[in-house]
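Got a structure here, written out as structure tokens. Questions coming.
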Amino acid sequence: MKPIAPVLVLAGGLFLPTIGLAEDGVSPGTFVANNVWMMLCAGLVFIMHLGFATLESGLTRAKNTTNILFKNTFIVSIGILTYALVGFNLMYPGDFNGFLGFAGVGLGAGYDAAANTPEYANGGYTYWTDFLFQAMFAATAATIVSGAVAERIKLSSFMIFATIFVAVVYTIAGSWKWGGGFLDGMGFYDFAGSTLVHSVGGWGALAGVLLLGPRLGKYVGGKMYPIPGSNMPLATMGVFLLWFGWFGFNGGSVLSADPALTSFVLVTTCLSASAGAVVAMATSWFAFGKPDLSMALNGVLAGLVGITAGADTVGITSAVIIGAVAGALVVGSVMFFDRVKIDDPVGAISVHLICGIWGTLAVGIFSTNAEHSFWVQLIGIACYGAFTFGSALGIFAILKLTIGIRVSEAEELEGLDLGEHGMHAYDLGAGPGWQEQPHGRSAQSALVTAPKLVTSEST
Amino acid sequence: MKPIAPVLVLAGGLFLPTIGLAEDGVSPGTFVANNVWMMLCAGLVFIMHLGFATLESGLTRAKNTTNILFKNTFIVSIGILTYALVGFNLMYPGDFNGFLGFAGVGLGAGYDAAANTPEYANGGYTYWTDFLFQAMFAATAATIVSGAVAERIKLSSFMIFATIFVAVVYTIAGSWKWGGGFLDGMGFYDFAGSTLVHSVGGWGALAGVLLLGPRLGKYVGGKMYPIPGSNMPLATMGVFLLWFGWFGFNGGSVLSADPALTSFVLVTTCLSASAGAVVAMATSWFAFGKPDLSMALNGVLAGLVGITAGADTVGITSAVIIGAVAGALVVGSVMFFDRVKIDDPVGAISVHLICGIWGTLAVGIFSTNAEHSFWVQLIGIACYGAFTFGSALGIFAILKLTIGIRVSEAEELEGLDLGEHGMHAYDLGAGPGWQEQPHGRSAQSALVTAPKLVTSEST
Amino acid sequence: MKPIAPVLVLAGGLFLPTIGLAEDGVSPGTFVANNVWMMLCAGLVFIMHLGFATLESGLTRAKNTTNILFKNTFIVSIGILTYALVGFNLMYPGDFNGFLGFAGVGLGAGYDAAANTPEYANGGYTYWTDFLFQAMFAATAATIVSGAVAERIKLSSFMIFATIFVAVVYTIAGSWKWGGGFLDGMGFYDFAGSTLVHSVGGWGALAGVLLLGPRLGKYVGGKMYPIPGSNMPLATMGVFLLWFGWFGFNGGSVLSADPALTSFVLVTTCLSASAGAVVAMATSWFAFGKPDLSMALNGVLAGLVGITAGADTVGITSAVIIGAVAGALVVGSVMFFDRVKIDDPVGAISVHLICGIWGTLAVGIFSTNAEHSFWVQLIGIACYGAFTFGSALGIFAILKLTIGIRVSEAEELEGLDLGEHGMHAYDLGAGPGWQEQPHGRSAQSALVTAPKLVTSEST
């Protein structure tokens, strides 16, 4: 029986009872259950990549959809491969000076007797699960950039950038806190990556957008012309999949299946996402006269990014407030970036950078742990900003000076799908009133010769 | 080695061996594993909201898609927030008179030392997991209404209705059985919510549809004109996601990861869904001359809704029969409601109300537990029908008399996407033969001024 | 702290420490956790059916989409039902002569006291979980055929074929290895089904395609005309969902949640998929001049199918090599089959048959278990090929001689959606510039009479 409580109670992660993580190690059952949880969380973070792919495809134009899908398939693949090759050992290097360390090339470094037993990571997971979960995280940072630079970036340049960003920039930055580096020593706190993942991706996105410039036709003659998304069900699917994936992103960041802590984290996560959605709906309704679906979707993501830094250490009420502020912030931020002509087709900078910063600061405001300091949080944000924005700007600048980073104007008008891949993303003309071509071929790929010839030959 | 068995064996939940739920509590490993299962089930029920969003979008017209997506994003968000504020404490109020009780405003009421330890809920899950799982359930009831009233309901009115329905009506109704109220005392049985969730949503849908009337052009001059769905892959995706989510909806309703019981429930659930699909395919083939995909999809859902009340207490053969009957029932029901001019765009009333009633009665017919009574099941159905249909009718009636519940005829013709949100859901004209506009902008949002001006200025 | 390792270490499944599977059985917590994992893996394999449905729909033409969705909904449903009726007892028959055995009609045969306790399957899962996981596997084999024969096969014939294939052919073939039959006795190894599932499906696909012939207009006058897919976001979604589902397909094939082994399997699986994607991207870029999204997607699947036979028994580096070879192989194979005019709309034969064979041979090359032999692997591949290709050819031939297997030329031109189901899959004309019909009905189903009549009557 639950006792009566008159108001929302502040319940911080600090006071949550933990179980089974005794000093002498966990029971076999607990170890197995922990590892099941962490493997499934890795799977959930993996599915976030589908979420990003569909969200970005939905919010941009149909003529650039194939290109976006290709980039997202590439990022998760190259992200996993490079994380195995160097990333894991850069991010968790063992002994290092606090700024940089490297445990060697190649996965399997830690494969000894202890690496897959309860002795590794206090029985929270095995060595392999550790790698997989972290590898899925790594790839998300580069994916965030993908959406912001969409519809105009040269494919080859993006692929080079993404590879370096995920393999080196993200992992070195990550080591400073999660690898036990200098920011960890200072008491900087980022539970699941408002800064380490989302702001890092957001800084990369900002660097790319600044060097690329806006899409053709977006800002003309002092006016801003909205370029609406092509497929809102796809975008909505993306956001729901991301929310679903966040069960693993935040829930897995407990690094075990500790019942009290994991379930508390899921509750703060979902409350913040919900508050973000509702407030973004209201804000857009107020600002535009009609409630905007894109803003509602970005509100969900804003709430999720915002709670990520402190999901285990702020109370229930605080989680709602953090999400609500993020929901309003993302609407204002999207409007602001459009005003200053920073063209971000999917709002990635607003969602991941701005709300990532907000969420990291919110730890300093709302944490139930007295050791968390607003000023240390601010220092951490500044360090990550300087390093990742600088690095991303440098990589993009070198690419711009060498092979170029933007497609030609003609290709941008025609669409990157034809220009970079020689194919269309959609050919849905099968509804009523649609005129079927002879031989059941509704259309020819742009790569092949005239279909009329075929028709006459085979009739 | 499995022994030979000549026929399908009736295997009831009652005889399933249970494990680890000894009187003295469960082992730490069992508690962790139970909680992992329940958290993931909450995640699976969450993803049902994406299932509903895509199913409803796919089965309705493209001009109302943004509106549907917006509503579904709103429902899950407001559902979680209101469940934290009042719902959880209305539904599981502790001591109450059997009809109504309230444990107080706000989540965290139960947050004491015992709330996240194995002592809470016999080690099945923590307090936070309990909230999250139930919150995800709550929001589904309102979502069911969404589909039935689609394509003509005024957004603001629906949002008010959904908020009250999920926060108050669903939760009070739920308390009568799952909260330990009077129907629970009478022996009424509803394992996972054929009545408590699906019929409750279905009654709300029926009330809304009756007060709204049919869509323009659906019934004209004594004839019924089918309004085909706009996106069948989206609808199919919705049904597969709902089936997937039902692993958590029914599997999680065991309220622990008890191996025998959870796995048995998943088997009855999947068998019933499969039987529903195959029988609905056959029935529609017989009735229409061609096998209908919409009916096949509704057959899956019919089987799922039908088995939900008794998934743990009927045998394998019974599960197949329950699903098969549901599959035939849903086809007949859709045809019946069209005949009486009750316009339900997605068949929600047939799937959730009719099959929900069938599933609840089926417990009285097929249960292996002798204590389950057909007549008590009937009483329960009647109580839920009277209360939720009455409440929903009342709320909709007040809204109709005050701010109105239906959009204007002009807006309905134009589509709610433009009318309520000022945007289109799709702009996929990038296939072969599609004429790209200057400046790479295929189209302008309805909210902005003429794109031609831009073109001339910037050329 | 991870020690430094200079190169990728070969880490075979053989040396992985196992836990909790002591001779005396597992602890209650381990049993519960194992079963949770296996149930969720069944759910993940289930969602692969949505992956196949969306992949196949996306890679084919919009006029055949409803038909594909219908077939995929049917296959998973009939697959589960027939597996309950006969499949499970054919595949795991208990004592048999090594070639054929049958434990009797009907599920529940094994339902005795031991069937849901830790004594069953060494505490890895319950009897019901065993059934469900294997049932989900069974249905995938028939689904593989679906894509290859798409856009021209007669629905009723396909339904008959799929039912026999999943109920009898797949299960008998499966019993030879997984049921403890003669190939298991010979030392043939196929961890999760490169041959038993994927090649089996691929052989069925090849048989169907050979008897059906190519789609109209594909090969005309000695030239090959590509028929591009209609919906690349849908296809991409399919591949991501299949990858996600493979967490369960391979991870669940450990048949417990053994931490070291399951997590190792997930890592080899993801590395191989990633390598397949990247190499297929590079290969298509080299071969076609532009990087092809369809090939990238097939590269992911190639890597997944390739690693499936040896995911637990090859090292990390080997997993990358296996995936890389598969990624190149699938591009070459697609081009080869087009050259010899074997028309496979989705590349199913290349992905599942060719890469399934490759993966099975790769066990003989890369396995860390000295007992695995290249020649025995070859014998196994030959046995499966002969039996399943022969059986599929026989079933299709009988169908061709009796009710026919191909739709009429007129129906193929018009599309199977109208011909077999009387409905369109898409009606998305709601974007800007789209002309709304009176009464808000954008279009009429092909089954109903002229909408103009309605319009005039109700105006």
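Order as written gives the chain letters A, B and C; numbering starts at 1 within each chain.
The definition used in the following text is that a contact is a pair of C-beta atoms (placed from the backbone, for glycine too) under 8 Å apart; a residue touches a chain by one contact, two chains touch by 3 or more.
Since this is a predicted model, take the numbers as computed values, not measurements.
*Asks:* How big is the rotation relating subunit A to subunit B when the fit is done on Cα atoms? Please round to the nearest 5 degrees.
*Replies:* So the copies are related by a turn of 120 degrees.
*Asks:* Could you classify the subunit B-subunit C contact as same or different, where same means more than half of all interface residue numbers appear on both copies?
*Replies:* Interface between subunit B and subunit C is built from largely different residues.
*Asks:* What whole-number Å value describes the gap between the mean CA coordinates of subunit B and subunit C?
*Replies:* Here subunit B and subunit C have centroids separated by 29 Å.
*Asks:* Among the residues of subunit B, which ones contact at least 2 other chains?
*Replies:* In subunit B, residues 27-33, 36, 40, 65, 231, 424-429, 443-444 touch at least two other chains, as defined above.
*Asks:* In the complex, go through subunit A and note every residue touching subunit B.
*Replies:* Touching subunit B from subunit A are residues 1-11, 16-17, 19-20, 26-34, 36-37, 40, 44, 61-63, 65, 151, 215-217, 220-221, 223, 225-233, 236-237, 239-241, 243-244, 247, 251, 257-260, 262-264, 266-267, 270-271, 273-275, 277-278, 281, 288-294, 296-297, 300, 315-316, 320, 412-415, 417, 424-429, 443-446.
*Asks:* Report the residues of subunit C in contact with subunit B in the complex, numbered from low to high.
*Replies:* Touch residues, subunit C against subunit B: 27-33, 35-36, 39-40, 42-43, 46-47, 49-50, 53-54, 57-58, 65-66, 69-70, 72-74, 76-81, 84, 89, 92, 94-95, 103-113, 116-118, 125-129, 131-132, 135, 155, 231, 234, 237, 420-433, 436, 438-445, 447-448, 451, 454, 457-458.
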